[in-house]
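So that you can tell them apart, the chains are marked A, B, C, D, E and F in the order they are listed, and the count of residues begins at 1 in each.
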Amino acid sequence: MLTKPFEALHLGDHTTTRARTITETDIVLFASLSGDWYPLHTDSDYAAHSIFGQRVAHGLLILAITSGLLIMEPRLVVAFYGMDRVRFTGPTFIGDTIHVETEVVVREDRAERGGLVTFQIETKKSTGDTVLAALLKILVAKADPTSS
Amino acid sequence: MLTKPFEALHLGDHTTTRARTITETDIVLFASLSGDWYPLHTDSDYAAHSIFGQRVAHGLLILAITSGLLIMEPRLVVAFYGMDRVRFTGPTFIGDTIHVETEVVVREDRAERGGLVTFQIETKKSTGDTVLAALLKILVAKADPTSS
Amino acid sequence: MLTKPFEALHLGDHTTTRARTITETDIVLFASLSGDWYPLHTDSDYAAHSIFGQRVAHGLLILAITSGLLIMEPRLVVAFYGMDRVRFTGPTFIGDTIHVETEVVVREDRAERGGLVTFQIETKKSTGDTVLAALLKILVAKADPTSS
Amino acid sequence: MLTKPFEALHLGDHTTTRARTITETDIVLFASLSGDWYPLHTDSDYAAHSIFGQRVAHGLLILAITSGLLIMEPRLVVAFYGMDRVRFTGPTFIGDTIHVETEVVVREDRAERGGLVTFQIETKKSTGDTVLAALLKILVAKADPTSS
Amino acid sequence: MLTKPFEALHLGDHTTTRARTITETDIVLFASLSGDWYPLHTDSDYAAHSIFGQRVAHGLLILAITSGLLIMEPRLVVAFYGMDRVRFTGPTFIGDTIHVETEVVVREDRAERGGLVTFQIETKKSTGDTVLAALLKILVAKADPTSS
Amino acid sequence: MLTKPFEALHLGDHTTTRARTITETDIVLFASLSGDWYPLHTDSDYAAHSIFGQRVAHGLLILAITSGLLIMEPRLVVAFYGMDRVRFTGPTFIGDTIHVETEVVVREDRAERGGLVTFQIETKKSTGDTVLAALLKILVAKADPTSS
């Protein structure tokens, strides 16, 4: 997603990542690490009686895996500011395989500090359904810090 | 944070969670699970030469742990819509102890579907520094679905 | 289980916890962490030829998860003395969902040190079968340390 | 601990296991897997103000690791009945190295089913302090099932 | 595999270990710890279209588990030199149960330093298929360091 | 390491990977997953009295992490044949930061099946010390399968 300096990133640039299958192991590990044992994720009886009919991955697990699927060259990331409009747009089930699509949607020059770039990311199943959408705001280094 | 139905939640209601110490283990486990081995988190030589002078926890690890510190009664959560204005406002280092403070900032009645509640959350170190701020949007059940 | 001080706990008080589904992941993680690779838990060929016909969760894994399902307010627990009559009364298989039921069975006043409370705990599958029974002995704080 | 059939086990037989160092990682992994985030184990600020002055390993973590340090030949274990008088006799801190000492304290012949053997186990630090004591009751196979 | 000093090891000595079932959890944990998310191991769609038709365990995961199945008495291992001719001779799938067979194939006396022993190891499924073969070179202690 | 097809790989081509700090967590997780609790890795008292004076990472942990540091494009890897002359040339301690250097040392054309490439890999600490050396044999795809 981020393999070029600010000057070489253009509005509309898009990338697609490799894919990863979401497993029961991922859900148990995320519940364990976060401490979030909400029953829709970790109680198969409860989940069977929900509108989903089965256990659903934590939204924040999908967000965490999304971050790992993205490729960011360290020397280009000046700072990770945050995220806006993070939306969990559909359930991810055990066995679903997801990848991430990214697009540059805002470019703001910040002079010698670099450029603030907003990426629209969409995490999708191999069926094409989007399960997560968000805007990521990253301060990106310039190739030439004196350019503008 | 969410132990009462929509009717009993009022603007300005706030809660404070228990605390948890962030360890090197948490960082290694999150890098492992997410696949995000960004060197500021996992390369102590690199981190020593950064402006932070040491390794920093992933922002999304702090967000994951924040979600686990919050207490939400399953029967009250109709849906987790998403998050807005997620900001990583300061570094969390190995050994820092964090807790979460929450406040009801928006209440929107959605008739028989429940009420959409926006919580402002702030994750703070025991020093008082805020390391994460975000707005969480949750559709909350009503005690009486026919009320409005 | 333990959300009230000694004076407010009465013989026969009982509580029921949330539930959690036991997964293959839990068994592998417990074998890994403990170092107990007994084949009934970790060798599916061996287990298939046992009287259970399949892999069985470690008894101590069920005990560990039982401890996490219980809710104990830190300020009320003066000390965890130990356990008596810990019995593994039936096998827990991959996919079983368990919860814990507790009852106050002994109350012993220890003056200003608090009160020693014995809880009978039973861990049950959603089928109603008990898989673990034990007596837990906990020194509980008093609301008024000078009471008796 | 259990490498001989019932007939070859005698009252007073004792064994000593290998040792293992308890790490912060073990505590975080056990809190994660069990769901027991009691602050004495996982909040270093809270623990610093406790009578121990630092974080303490979960008693059940020590019990789990104890079980993995014991060596039991699968063909000799007919059934693990349970435990009596499980006592957490002292705190285990990060960096402590523990091993287990076992002794046969009761032998009960159960005819063709084998023999019920009670082992007294003591888990000790390298300083000699005992941190866990318990009685383990195991139904042990006979070399000759028709003996008595 | 290594429970006797150099003098007591003879060419052709062989041992067989206990077995362990390879689970999806093992694959996810190894991908996590190593950082190797090659899609044949972690993307079930990709694997379904490979010549194997399903996900395959990492070769190095099988090697890691092989090392844990071997029994080596610490006082006998002077040093682990390395491995030769490590070959991944067939795929290991989720649910396969593996064990290891070892044979002493070379003995080289190194005077007072001990003896350099080469073990041929073969990791096999319960079907008999070999999935890993390697030569392990270990410097083994002597019972009598002055013997030759 | 492997981002170009066989025709574009030349003898002497070399690459250097990103770095990763080896933590106590990595050692505990690898001992757990593999089942290898050899005391030089997991018993700090034992290790303190060894020639190293402290705990040492498992050689196979370093090999596993080495594999994850290497970058291999899936479409280019036809098969991972195995390894030769794997040597653990020095100890890796907790806190050491390692990276991998690779060099193409043998190229063998295998006609339409691709090309068998042998990479010499060396895993080094930031001090420059080599802790692992090995030859990796990989069957690499051709850009034009009919070339030779």
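Brief remarks on what is shown
One rule holds for everything that comes next: a residue touches a chain if its C-beta (ideal position, glycine included) is under 8 Å from a C-beta of that chain, and two chains touch if they have at least 3 such contacts.
This structure is a prediction, so every number in the text was calculated from the model and none was measured.
Of the two interfaces, A-D and C-E, the higher number of touching C-beta pairs belongs to C-E.
The interface in A-B, D-F or B-F that matches C-D, meaning over half of the contact pairs are the same by residue number, belongs to A-B. Note: centroid distance chain A to chain C, computed from Cα atoms, is 38 Å. In this assembly, the C-alpha centroid of chain C lies 44 Å from the C-alpha centroid of chain F. Look at where the CA atoms of chain A average out and do the same for chain F: the two points lie 29 Å apart.
In chain C, 18, 20, 24-26, 29, 32-33, 35, 37, 39, 46, 74 are the positions where the chain touches two or more neighbouring chains simultaneously.
Every residue of chain B that touches chain F in the complex is listed here, in rising order: 24-25, 28-29, 32, 37, 39, 42-46, 55. On chain B, the positions that touch chain E within their shared complex are 32-33, 35, 37. Put simply, chain A touches chain E in their complex at residues 18-21, 23-26, 29, 95, 97, 126.
Residues 20, 26, 29-30, 33-36, 38-40, 46, 58-61, 63-65, 67-69, 72, 74, 77, 80-88 of chain B are the ones that touch chain A when the two sit in their complex.
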